[in-house]
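Written out below as C-alpha cells is the structure these notes cover.
So that you can tell them apart, the chains are marked A, B, C, D, E, F, G and H in the order they are listed, and the count of residues begins at 1 in each.
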Amino acid sequence: MDETELRGMLEGVRSGRVPVDSAVSEIKKLPYKDMGFAKVDHHREIRTGFPEVVFCQGKTPEQVRMIVGELLNGGSNILATRADRNVYDEVLKAAPDAEYNAAARTIVVRRRPGEPSGDKVICVVSAGTSDMPVAEEARITAETLGNKVETLYDVGVAGIHRLLSNTDLLQKANVIIVVAGMEGALASVVGGLVDKPVIAVPTSVGYGASFGGLSALLTMLNSCASGVGVVNIDNGFGAGYLASLINRL
Amino acid sequence: MDETELRGMLEGVRSGRVPVDSAVSEIKKLPYKDMGFAKVDHHREIRTGFPEVVFCQGKTPEQVRMIVGELLNGGSNILATRADRNVYDEVLKAAPDAEYNAAARTIVVRRRPGEPSGDKVICVVSAGTSDMPVAEEARITAETLGNKVETLYDVGVAGIHRLLSNTDLLQKANVIIVVAGMEGALASVVGGLVDKPVIAVPTSVGYGASFGGLSALLTMLNSCASGVGVVNIDNGFGAGYLASLINRL
Amino acid sequence: MDETELRGMLEGVRSGRVPVDSAVSEIKKLPYKDMGFAKVDHHREIRTGFPEVVFCQGKTPEQVRMIVGELLNGGSNILATRADRNVYDEVLKAAPDAEYNAAARTIVVRRRPGEPSGDKVICVVSAGTSDMPVAEEARITAETLGNKVETLYDVGVAGIHRLLSNTDLLQKANVIIVVAGMEGALASVVGGLVDKPVIAVPTSVGYGASFGGLSALLTMLNSCASGVGVVNIDNGFGAGYLASLINRL
Amino acid sequence: MDETELRGMLEGVRSGRVPVDSAVSEIKKLPYKDMGFAKVDHHREIRTGFPEVVFCQGKTPEQVRMIVGELLNGGSNILATRADRNVYDEVLKAAPDAEYNAAARTIVVRRRPGEPSGDKVICVVSAGTSDMPVAEEARITAETLGNKVETLYDVGVAGIHRLLSNTDLLQKANVIIVVAGMEGALASVVGGLVDKPVIAVPTSVGYGASFGGLSALLTMLNSCASGVGVVNIDNGFGAGYLASLINRL
Amino acid sequence: MDETELRGMLEGVRSGRVPVDSAVSEIKKLPYKDMGFAKVDHHREIRTGFPEVVFCQGKTPEQVRMIVGELLNGGSNILATRADRNVYDEVLKAAPDAEYNAAARTIVVRRRPGEPSGDKVICVVSAGTSDMPVAEEARITAETLGNKVETLYDVGVAGIHRLLSNTDLLQKANVIIVVAGMEGALASVVGGLVDKPVIAVPTSVGYGASFGGLSALLTMLNSCASGVGVVNIDNGFGAGYLASLINRL
Amino acid sequence: MDETELRGMLEGVRSGRVPVDSAVSEIKKLPYKDMGFAKVDHHREIRTGFPEVVFCQGKTPEQVRMIVGELLNGGSNILATRADRNVYDEVLKAAPDAEYNAAARTIVVRRRPGEPSGDKVICVVSAGTSDMPVAEEARITAETLGNKVETLYDVGVAGIHRLLSNTDLLQKANVIIVVAGMEGALASVVGGLVDKPVIAVPTSVGYGASFGGLSALLTMLNSCASGVGVVNIDNGFGAGYLASLINRL
Amino acid sequence: MDETELRGMLEGVRSGRVPVDSAVSEIKKLPYKDMGFAKVDHHREIRTGFPEVVFCQGKTPEQVRMIVGELLNGGSNILATRADRNVYDEVLKAAPDAEYNAAARTIVVRRRPGEPSGDKVICVVSAGTSDMPVAEEARITAETLGNKVETLYDVGVAGIHRLLSNTDLLQKANVIIVVAGMEGALASVVGGLVDKPVIAVPTSVGYGASFGGLSALLTMLNSCASGVGVVNIDNGFGAGYLASLINRL
Amino acid sequence: MDETELRGMLEGVRSGRVPVDSAVSEIKKLPYKDMGFAKVDHHREIRTGFPEVVFCQGKTPEQVRMIVGELLNGGSNILATRADRNVYDEVLKAAPDAEYNAAARTIVVRRRPGEPSGDKVICVVSAGTSDMPVAEEARITAETLGNKVETLYDVGVAGIHRLLSNTDLLQKANVIIVVAGMEGALASVVGGLVDKPVIAVPTSVGYGASFGGLSALLTMLNSCASGVGVVNIDNGFGAGYLASLINRL
C-alpha cells in the first residue's frame, strides 16, 4: 500500500464507505513490506530512529540486494553486516554509492545526514590485532548511527601499561565497548578503571580451549567489575548498536 | 592513614623532610584499607560515586560485619548482596539501622541521601513469579543507587497480552531490565518493542534442559533484537548497577 | 520373494507340503529387500501409509539411486531429503520425473495421488529469511504426505507486530510448525497465542553462542508455553512428518 | 473487575458517559488479575479450554494457595504440578477437595466435569520403574484435561519382548507418550512400531554419563524413527498437555 | 639388533666378556626401533600376537611408508587405518601387494597366514547405510586379526522387524559389534536380545543435536542392557581389535 | 501363570479345546510377571543364565522388596545394586539370608550354587583408595555370577612401580577390569601391558575439572591402547557383568 | 621390610643362600607398604624429597589415620589435604602434635626440620576474600615443603590499583601463585607484569556462568600472557607443590 | 622516541625547559610503538629478557612483516609462531636471514647471541608422531630463548617400555615438557617418575570423543601426579616459554 492508497482508504473511513474495522486491519499490516522471503520493516525507523539493519549471513546476494533496494525506496540510510565481497558486488547494482569495509564486512549507504550525538564519545577498545574486524564492525555501526567514536586497539592485559597510559581516553568516554578474544580479561580491567557503562564483546580469536570464543564469553559474564553488559561472540554490530542507544539517551 | 597523618606527611614533603619518593609510595597505597582477609576500597566512592558493594557469598558473617563497619567509618551508604539472614544478624551489630530484603537477600544501610536521578525511570520486567528474587535484587540495587524504578512482574511470553497491555510503561522507561528464566524469550520480545537499552538477566529458574540458567543465558546472548546487553545468571545486582550507570549518564 | 512365490508357499502350507514353521520364518522376513548396503522397507507403506523416506546424507549418489529405484518398483511415491544436486542428477536416471527443491534439498517423485487431508491446514511459520531452507523442507514434506500447508515466513519476535498481524492465519491452522534459529523465542510466543499443537524446529542459523543451534534448541525445550514438541536441529523433515501424522488423525 | 462492573462500564459506553478509549483500555486489561507477585490469566480458559496450570516450583506455598484461590473464584478446575506436600497442605485451606498424587507431585481440584475426549486413547509408556513419577504426571495431566489414558510401564528395550507383547495396546492408541531415562532408546523403538504421533519425555533417571537426563534427551532428539516430538527433561506435564491438544483435534 | 647379534651378546655375558649391566641395558632397548619421528614396536607381536597397527591420521604418507617398511622387515602382517588414498599410493612403493578398502580407509598387507580363530564368529551389526565405513573398518580389523566375521547391516531400530528377523545370526555369534550413529539405540536392543559381549561403536553419523557422535556415545554408555562396552566415536578399529581379543580367549 | 496352569493350557491345545491363537498369545506373555510398577523378567535366567539384577536407585525399599520376593519365588539367586542400608533392611524381610556390602552398596542372596567359571580369573584393578566402592561393586558382581576374581587396588600411575611390580597378576588374568577416577590414565597403561580384554570403569572420584567423572571417561574412550571397552561412570556392576560374559565364553 | 631385614637378605644374596631372582622380586616390592585399601609409598621420599601427601577426600577418617600412622613410622613429616574436622580428630589419635588449618582444610605434622629453600620467595596472590581457602592450601603446602612464602590477598582486577601498588612484592618473588575465581583475569595481568613463572589456580568461587570454576579455568588456559601454567580448579595443593619444585631447582 | 631524543628531553627537564608533567607523559608512553593496528612492546625485552613474540594467527602477512620489521629495528631476536608459509615469504622481505620450521610453523631470526642457560636441560617428551608439530614448537621456543633442549618422541603409554627405557634422560632434565593428545595419560606417568616440574601440553590430536583436545586437557588437569602445570591445547610455544622461565631461575 502506497501513500495514495492510504489516503484513499482514510477518506473512505471519513465518508463511512470503509468500515473502521477493515481500516484498522489494513493499517495494522502497514509496517512491513512482504517480499515473500522477507518482511521488510519500514515502520522500524519511526519506532527506533534507524531502519532495519540487514544481517547478510544466510541470505543470498540477490536477497540482500532486493532488501536494500526496498529500504532505499523509503529514503533510508543502510547498514548491512556480515557481508562478503560478492554480496557487496551485488548491492552495488542497487546502490552505486555503497561503501564496503573489508575487515568489518560491512556495507554502508548514506542517503540522509544522521543527527549527530553531540560531544558524547563512544570508545572502542580492543585487546589484540586479531580482534580488529569485530572492533571495526562496532565502530562503523556506532558511527553510522550518528555517534562520535574513538578507538584504542591492541591494549590487551598482557602488557597492561599500554592500557594504563591511555586512561585519559577511557575516562572521557561516555560509553566504552571492549572487544577481546582469548581470555577476554580486558573487560574486567577496563570496568574497574571507569564508572561508565561497558559493553563487552567476546571474540572467537584464539585456539584450543578458547572453544570458539566461549572462554572470553564466560570471562566477561563473570566479570568481577560491575557495570559490564555482554553481547554475543563476535557481535560487533550488537555492541555498536547498544552503545548508540545508551549514548543517545 | 587518616587526614591528619596525610597533612603531616605532605608538609614534610614541602619542607624537604620527606622525600618525594616515599610520599608517592604512601599516597599510592591510600585508596584501600588492608584488613588482611580483604582490602576495602575507600577510594572507590571518589572514582565511581558509590562505595564498594559487599558480595557476601563465600565470606563469613564476621568478615562481612567487619567490612561493613570499615565502610561505615567512611560515612558511606552500604549495599550488601547475597546475604543470608545470619549475615544480616551479624551486620546488625555494626549497623542497627540495616534493612534486610529476604527475597532479594540484600542488606541496605542508608547514611546519606543519594542524589536522585531525576525523572528518568528504570523499569524492571520479570517473566514469572519465580524470577522475583533476582528482579528484586535488581530493583533494590538501582533504588539504593538513587534511581526511580518501576516494576512489571509475571509477564512472560506464554501470555503475551500481559506484556502488550503494558507497553506504555515500557515506552516511558529510560532503561529496561528484563529478568527471565526457563527459555528467557522475554528479552527479545521487549527488545523488539522499544528503542531503549535493555539489560537482560537470565535466571536459574527452570529444570531439566535449562541447565541452571544456561538456556536463558544463550537465548539472551543470541537475541534477534538489537540493543540487549546480558549479565551473568541470577546477577540482579549487576543489572541494577549497569542500569544505574546508564540512567545517570 | 514376489507375489507368485508367496502364493505358492501359502498353498504349500494349506496342503501340508510346507511346514508352518518355515512359512512363518519366510513371511517374517518379507517386509524388506536386502540390498547389501541397505534393507529397503517395503512393508512400511502398509504400516504407516507412506513409504520409507530416503535420507541422503552419508549415502553415495549411486546408493540413493538404487534405493529410489527399488522403492519405485513398488509403485511408491518418493521423498528424499538432504539431497545435494549431484544426488539429484543421479536419481534422474532412475526417475526422470523427479523434482528438486534446491533450498530444501529435497527430491520428490509423485507416482500416485496422495489422499488429501481435507480442509485441515498445517501452518509453517519461520523467524527469519535464513531459516527458509528448513521451513521449506518441512513444507514439502507435509505437502508430499498429502496435507494442505500455508506459510508465514520472517516473523521473528524482534518485530512482533509482523506476527501479531497474522494471528488469524495461526488460529485457523490445525497444527503449527515453528522454525527458528538464533534464540528461537518464536516457538514460545506462538505457543502462547494458540491452543493447537506446535512443532518447534530449532535451526543452526546464528553464530557465536548459538553453538550450531544449541541455543534455539534449549529455548524451545524450555518453552514456558505448553503444547510445544521439539525435533532435532534443522530437522524440517521430522517436523513435517510429525505434523502430518497429527493432521491426519 | 467482576461481571457487574463490566456490565456497568459497557452501559456507560452505550450512554456515552464512558469514552470508548477508556473502555478499550479497561477491557484490554481484563484477561488477567494482577496479584502483585503474579498475573493470573483468567482469559486463558476462554482461549484454550483449560485454565492456567500452576507450576509450583519456585513459588511459596502461600503464593500457590492464593493463585489457586483466585482461579477457583472463576469456577475453574485446577491442576498444580511440582507440588511438594507442604504446598498441598497449604492448598487444602483454599480447596478442601484437592487431591494429591505423591509420586507425580500433582494437585487436582475438579469443580466442573471436563468434556470427554471420546474413545480416543492416549497411551503412556515408560521404560523403567524409576520413570514412574514423570509418567504419572503425564497421565494425570492428560486425564485432568479430559482424555482417556492407558499405561504400559517398565517396558524398556533391554527386555524388548515386554514391549513387543503389548503392541496391540500401542496400535490402538491415538497418541503415545514415551517416558524414559538412561539411554532413552524406547522412543525410537516405539516410533518405529506405530504410525501415530509420539511425544517423548526424557527423564533424569540414571547416573554418570546420563548427565541429568541429557543422554536421554539427545537420544530422543536424534531418533531415527520419524514422528517423534520431544519435551523438556522430566516434563511429564508438558507431554500430557501436548498429547491432549493432539488427541482433541 | 637381529637374532645373531643377540646371541653373540648373550654368549659374551656367559663368558664374562660382556658385563651384565650393559647386557641388561641393551636388552631393555630391544623392543622398539627408534626412527626419530617414531619408535616402532617390534616387541609388540611377541607380547600380543599381532604387530603394531599403524594409525595414519596426522602422519605424512612418507612417515607411514617408512613405518610400514620397518614392520615388513620383521615379516609382519600390516594393518593401517585412517589411510587416505594418497597414503595408500605411497605405501604401495614399500608393499606392492597392499590392499586398500576405500570405505573403511584401511590398508592391509598379508605376509603370513594368521592362525584362524576356529568356528567362533564375530558379528558386526550396523544401524544404517551411512554407518558402513565404520562397520567395515571393524570387519576388516577383525578379519585381518584372523577371525571369522559375519555382517548384518542397516537394521536400525526404526524398523525393528529387520533386526528381529535376524536374531538367529545374533544368537550364534560369540561376540557382537554394534555400530550406530544418530541416537545409537541399537546397542541396547541387541544387548537385551543376547547373552554375549557387545562392543558398541558410536558413529558421527547424524546432524544437529547428534553433536558429532556425542548423542550415540552417551546412549551407549547409559545402555539399560548389561554387557555392553563402548569404544570411541567412529573407532571401528578399536571395536574389531577388542572383539578379536575376546573371541580368541 | 505357574507350571500347572501352563501344562493345563498346553493339554487344552492338544485336545483342540484351546485355540492355537490364544495359546500363542498366552505363551508370548509368559516371560515376565507384571507387578504394576514393574515387569519382572523371569525368562531372563533362561536366556542369559542369570536372573534380572535389581537396580535399586529410584525405587522405593518396598518396591525392591517385592521384586526380590518375586524373583526368589523362582528360586533365583539375587543381586541388587545401588542399595542403601534402608533398602537392605527392607529386603531382609523377604530374604533373611541376604548379605550386604556397605562400600559397594550391593545385596546378594545365594540360593543355588553358581556353576564355577573354572580357572579363568578376572582381575579388578583400581587406581586409588577412593575408587574402592566401584571396584568392589565390580568384584561382587563378577563373583556372584560365578567367576574367580583377584584384586589389585591403589596402583594409580602416579607411582607406576606399584603397578609394574604386579604385572604377573595382570598377565595371568583372562579379563581385566580397570577402575579409575581423576584422570583415568590407568586404563591405557594396563591396556598397553597386556593382550587381554580390558573393561575400563571411570569413576566420579575427583574434583574441579574432573566434572563428575567426565575427565576419566574421556581418557578411557580415547585410550591410545587398543583393546579397551568402556562402561558408564561408576558402573562397577556393568563392568563386572561384561567381564563375566567374556570370562565364561 | 625394615633395614635389618634388607641387610639380612642382601647378605643372603652374597652368600648364595638367597637366589638373585627372589632378591630382585623382594626389592622391587620395597617401595610401598600394601595396606589392602592403600599402597603407602615409602620410597617416594627418597625419590622426591617429600613423602606421599595424603588426599583425604573419599577416604574414611580411619583410613586416613592408618595411612598417617604408617607414614609416621618412617619418621616422615605429614601433609594431609581436603581434611574435614572429623578426619583431624581421628588423626590426632595417631599424631597428637598434628596441626589443623580450618580454612585450608589441611593437617600438618612436623617431625623433622625441612631444609630451607634459602631466600627465594614464593608469592601467593589471590583475587578475592572468598578465594582464601584455596590460597591458604597453597601457602601451607609450600611452607610445609620448606619454602618462604609471602601472600597478597584480595587484589582482583576490578580495583587494579590494589595490585599495581604491590608490584614490588611481585617482582621480588621467584615463583608466583595466582588464585582467582569468577572470571580469573588476575593471572593474565600478573603474568604480564613479571618475568617469573606463574602458577594459576582457578577456584570454584562464583555463580551462574562460572559453572563451578570452568570460567576461571578457561580464562587461565587462554591467558594472553606467556609463562602461565594452570592446575585443576581449587587445587591449591597442586600449585603449592609445583611452585615448590620450581623454587628449589 | 630514540635514545638521543630521550636524552634531549631529560636535559630539558634538568634545565627547567621541559615541564616535569610533559616529561612524565612522554616517558609513560615509551614502552610501545603504536602502529595503528598494533602496539609493539619495545619495553618488553627490558622487563623480561626477550622481546615480544609474534603470534601470527589472525594477522595478515603484511601486519606480521611490519611488526617484525619494527622489532628488528630495536636489534631484537625474533620468534614468530603459528606462521603459514605465505607469512614466512612476506617476512623474508624484512629479514632475509629468517629461518622457517614447517612442522612447528615458527619463524626465527637470530641477530644477537642469547645468553646460554648453562648445563640445565629442558626435555621435550611427546606421546605420538602426530604430536610432533606441537613438540617442535616447544623445542624451538625453548632453544630460541637460549636453553639446551633434548627430545624424546613417540613414547606414549600404550607401549610404556619405550618410556621406561629412557628414564635416565628424564631424570637428568631440569624441566620436562610433556606433549600428548588422545587421552594425554603420558603427563601423569612422567610426573610420577620424576621430581622436577612438568609442563603438560594437551594436543588436538585424536578424533571423536577427544573433542579437539578437551580429553587430553582434562586428563592433564586432573593428573594424580603432583607437580604438573598445564597450558592451552596445542600451545607448544607457551610450554617452551614457561619452561624457559623456570630453567633460567
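Keep in mind that, in the parts below, contacts are C-beta pairs under 8 Å (C-beta built on N, C-alpha and C of every residue); 3 or more make two chains touch, one makes a residue touch a chain.
The structure presented is a predicted model; accordingly, all values stated were derived computationally and were not measured.
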Starting at subunit D, fewest touch steps before arriving at subunit F
1
Mutual neighbours - chains that touch subunit B and subunit G alike:
A
Pair sharing more residue contacts (C-beta pairs) when D-E is set against B-D
D-E
Work out the mean Cα position per chain and let me know which chain is farthest from subunit H.
D
Taking each chain's mean CA coordinate, subunit B and subunit H are separated, in whole Å, by 41
Rounded to the nearest whole Å, what is the centre-to-centre distance of subunit A and subunit B, using the mean of the C-alpha atoms as each centre?
27
Between subunit F and subunit G, what distance separates the C-alpha centroids? Give it in angstrom.
38
Report the inter-centroid distance (CA atoms only) between subunit D and subunit G in whole Å.
53
Multi-partner residues of subunit H (at least 2 other chains)
128, 159, 208-210, 214, 217, 221-222, 226, 232-233
Where do chains touch, given as pairs?
A-B, A-C, A-G, A-H, B-C, B-D, B-G, C-D, C-E, D-E, D-F, E-F, E-H, F-G, F-H, G-H
Would you mind writing out the residues of subunit C in touch with subunit D in their complex?
47-49, 53, 174-175, 195-197, 199, 217, 221-222, 226-233, 237-238, 241-242, 245-246, 249
List the residues on subunit E that touch subunit C in their complex, please.
128-130, 132, 153-155, 159, 161-162, 164-165, 205, 207-210
Contact footprint of subunit E on subunit D as seen in their complex
127-128, 156-160, 164, 182-185, 188-189, 191-193, 206, 208-211, 214-216, 218-226
Counting only contacts in the complex, subunit E reaches subunit H at residues 28-29, 31-32, 36-39, 41, 43-44, 57-59, 63, 82, 202, 204, 212-214, 217, 232-235
